[in-house]
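I've put the structures underneath this note.
Next come two complexes, and both contain chain A; in the first it sits with chain B, in the second with chain C.
Moving on to the complex of A and B:
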């Protein structure tokens, strides 16, 4: 026991002295710089859409709204997030496991190559106008085959990045027999595992679409493709959310001067997320034909079960805040609230991210229930919803991480001026999103559709009544664009300009009297089996039905 | 794993809310017939024009103030368009797509259904309030998606 304590404090001390290993830091910094460059591109495209949708800006003839929207979606929902996740997880794995193994480093670099090849292929086809098919690319809309091949490279990149982390964790376990994997690395293993499980469906789909897009097969099964897509489409965003949650459990308690609430609870949240998540995608198909109401009802349960880990997290977070506040002398029921470091952007950004998840999560629960879903499906409400979940809860937590992760890697420190700029950025983001997402939710409830360029539908009175709300959408979008520019400036300033110095990688410690973490939490084989069982429960019946009772397939269409 | 008392209470309340929402959804679906559109009939997507009933799209009276609208969706229009029905009519829309995936939504009502090639979708609505309702496509279907709309007038 004593030797392990000694060993841990030795690693900690050497980490403190030396900071990140240069060859590990280079990996994460490369990933993070690319992530922020893509954020700038994707954010600019977002501004163009917001202004168009508000009726303020007519796109030039050479630029199509749907082309812009396809690029915006893929860049921000898939590329930015995957790059950030990998940069952040590799940095944390390196920090908590005492450096990356050389094998893991090789995996990280080859993953990057694959992700870049994929992104470039996809973006080239989109820019050339050969793939205005949106993030969901529902067949029988048919993009250039190279668009789908680009997606294969993205999936390959995800698997490579995940494998590197798995191998690194395994080699650490071998060298540290009997010790539990540090919580951060536990999150990294769980996050990649879930992303890989989620990517199986989309990989199968894309492998069916490639021969069809080349013209080697005549037709495609429309329902099957769409179902396989959503096994990924929704799981992916839940992985980004899990990445954000990792920072809430691991870093935030340390930043606010508190301790981990419960190591076991955090691990249970990861395990439940891995097991329960994949069938959740089905709630995107609640008003589809060819799926019976019985199956749809079963999926209400499957989707709602995903809320459980989030509800556990909500409790844990407030418990951490309250304990930290009371330790600083807070009294009364809510006195701890004032003791929180509101002027510290490393806290403020993820805190607003968490608070946002309260309405965002509630909206998600509402949308999962069949009849409520029907009233908002494919309306701007849904766009408002995922701009809260991904656009605030995930993105703002990622920004909050950036303020300490980049200086830790670049061996610099954040100045008070930069902290202030960060506070401005955070509030701009929150207010911009309040306008944009708020008006999207409201106008969506009135019936305004998503993924539609500005249209009055021939001066239809109902459609015209939506315009004032869409104006707020444009205002919010503009504030958010300023937020993106500020954030990208801050990220690169921290990378190249901030004063040299030492920044800590915040990892919260457990309470002194914390119960030991049981060994069963690391039975990954069992979690994979359970996840596959849940995926089978959700998908075997509908997918068999979609294949056996399939109508004649659809030929491809290019309708843009 | 030992849980804090207040955490147990929190989880019990949370799970109760989730279960209640499922009970309400299930009751509405299976007892009140309010479930989401889930028709399972199929059709050859390349032979829509030759297959009944879509060889003759239109508005058909099928009962006492009951109507069936047989409709095809294609880029970027609804056939038939500009529908007229009397107030209080119960209308069943029977739809399929001749090309890509479309969405069928009537603004201001709960009518909302995905319409896919190869599949026949059905949704029923009773129109009590007279007025002109906007029908629009709410699934991106191509360059003219924002123009894909028509109306249903309740007299």
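Moving on to the complex of A and C:
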């Protein structure tokens, strides 16, 4: 017992003195630099789209709007997020568990290879114009088979990265008998578990699409493919959100000088997210035929059940802010609000991300309802919605993480000048998104469709009335592009140019009188079984129905 | 006591005619949601019943074996396609379902589970997963309609649900061999 305590404190001390282990830091830095390169490419494509929708920029003949849209979606919503998540989680696992095991490192590198092979295959087919199917790749639109094979490599990369984290956590538990897994690593295990559960659906789908794209099978079941896609798509966005939430619980209390609100509550949020998430996919398919109303209702219920962990998080965050503020001498009902470190970009960026989640989550709940969804389905409203959730709540939290994660890994420090630049970047992002997402929401309500390039529809009066809003969309998109450039500059500056020094990996401590975390929180076997049970409750009935009562399948179409 | 009240509320809720009708209208929900929920209602009421009738449980279910055998008999009975049909058409059988699942399956299960040894538990896991796997294959591949009240497509759905249940039990069963709790806790 004595020796384990000694050993631990030694690890902690050396962690503090040395910072990240060089071989672990290399993994995370590689992932993060690739993520930011993709952010720059994806952001540029976003600017092109925004300017096109505003009617200011006509795409050259060799570049198709849908090509741009496909690349923008896949690069930012799948590749950037996965790369960032892996770099961030591996850095945190390395920090909280006293270094990665050599096995985990091998898994991280092979995951990177697989993700890169996948991304290159996908992007090549998109650039060649053989896969303008957008990131949802709904059949019967048919891309080149290599596009789908690239997706298999993406899924494989996710599984490899997850396995590395699981193995590392298990070996830590073995070496530290009776201790709970540190909260950060708990988030990492939960996040990868959820992503793997979600990726099962898309893997099944892609394995059906590959023989179809090669021409070995003639037709494909369209409804089934869409359903399997959304089992993944819905889960994936919630995984990105969970990654952001991990930083809110673990890092933010430390940054604002507070303590963890409740370790148990944070763990329950992770467990609930893992169990409840996957069977919510049908709220993306609310106006699809071939799904009975009862099943849609059940999925709507399941997607709304995710609001519970989100509200738990909101409660915990406000409690942390208030306690930290009062400790600094705040008085009155809302005095703590002023005591928050608004001038510290490591706080401001994730704080704006959190505040944004209030309207973003509310909009999500609104469009999950059948009747309200009919008003906004396939309109720009939906695009506005996910630019708030993924584009602000997730992305801005990721940016906020970057300000301390990269200097921690590269053994440098953030200067006051960079902090100022970061503040400018954050406000630019917030204002840009307010313009872009706000006008998307509004013009979507007025009927402007998503997934089309600029058109006045033969100077139709209604379509012309959208133009002022679309102009705002273009302005917002331009501001966001400046934000992207600044962010990429900051990230690489922190990696290579900032002054040498020691940056801390912020991990919040528990309150002194915190109740001990019960052991049942770590019964992963039970959580996995419960998740499978809930997934089968949500999917067995409709999927069997879709297969048994399927109409004749569809051959592939090339619509572009 | 709190648990017993939750159990009672769940029990009464499940028996409300509109709830029972809705649950029984879909074959999978009938067998894989309504019936297990009745068992769970019984399990929730078990501690209270044990407190009220301690000698009864001590006398009749000392080592847990009689209880678990009773549990297995009851759930195997309710896995038969014919009994589901009868529950829908014969009122007395429906009432028997309402009584047997919580009190003859749920209560003995919870009472027996803590009394059973490692071996006994493993036997139950293996039997249940084999049984669910077998029922799954039966329901998926049967060319005939097994229940008069449900269509073949519902039967196939139920078969897949059985296979997933079997898979869940197998995963839980196998992970125990790899995860040595004493190493972690």
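As a working rule, the second predicted complex is superposed on the first by the 550 of 560 C-alpha atoms of A that agree within 3 Å, B and C clash if a C-alpha of one lies under 4 Å from a C-alpha of the other, contacts with A are read in each partner's own complex, and residues count from 1 in each chain.
To be clear about the criterion, a residue touches a chain if its C-beta (ideal position, glycine included) is under 8 Å from a C-beta of that chain, and two chains touch if they have at least 3 such contacts.
Predicted model, so just to flag it, every value in this text is computed and none were measured.
Student: After the overlay on chain A, what do you see for chain B versus chain C, clash or fit?
Tutor: Overlaying the two structures gives chain B and chain C room side by side.
Student: In the overlay, work out which of chain B or chain C sits against more residues of chain A.
Tutor: Ranking chain B and chain C by residues of chain A touched puts B first.
Student: Could you tell me if A:500 is touching chain B, chain C, both of them or neither one (first, second, both, neither)?
Tutor: neither
Student: Taking the superposition on A as described, I'd like to know which of chain B and chain C A:377 touches: first, second, both or neither.
Tutor: first
Student: Contacts for A:532 in the overlay, against chain B (first) and chain C (second): which applies, first, second, both or neither?
Tutor: Once the two structures are laid over each other on A, A:532 reaches chain C alone.
Student: By the touch definition at the top of the document, which applies to A:297: first (chain B), second (chain C), both, or neither?
Tutor: After superposing on A, A:297 lies in contact with chain B but is clear of chain C.
Student: Mind working out whether A:549 is in touch with chain B, chain C, both or neither, as first, second, both or neither?
Tutor: Touch status of A:549: both partners.
Student: Return first, second, both or neither, reflecting whether A:515 touches chain B, chain C, both chains, or no partner chain.
Tutor: A:515 contacts chain B only, not chain C.
Student: Looking at A:223, would you say it contacts chain B, chain C, both, or neither? Reply first, second, both or neither.
Tutor: first
Student: Can you report the least C-alpha distance between chain B and chain C in the superposed arrangement, rounded to whole Å?
Tutor: Superposed model gives a least chain B-chain C C-alpha distance of 14 Å.
Student: Residues on chain A in contact with chain B in one complex and with chain C in the other?
Tutor: On chain A, the overlap between the chain B and chain C contacts is residues 549.
Student: Write out the stretch or stretches of chain A touching chain C in their complex.
Tutor: 173-174, 177-178, 294, 519, 522, 525-526, 528-529, 532-533, 536-537, 540-541, 543-545, 548-549
Student: Using the touch definition up top, name the residues of chain B that touch chain A in the complex.
Tutor: 1-2, 4, 7, 10-11, 14-15, 18, 21-22, 24-26, 28-30, 34-46, 75, 99-101, 103, 105, 107-108, 110, 112-121, 132-134, 136-143, 145-147, 149, 151
Student: Going by the contact rule at the top, pick out the chain C residues touching chain A in the complex.
Tutor: Chain C residues touching chain A: 26, 28-29, 32-33, 153, 156-157, 160-161, 164-165, 167-168, 171-172, 175-176, 179, 183-185.
Student: Report the residues of chain A in contact with chain B in the complex, numbered from low to high.
Tutor: 64-66, 132, 134, 138, 140-141, 222-223, 226, 262, 264-265, 268, 285-293, 296-297, 300-301, 304, 307-308, 311-312, 315, 319, 365, 369-375, 377-379, 446-455, 457-458, 460-463, 515, 518, 549-555, 557, 559-560
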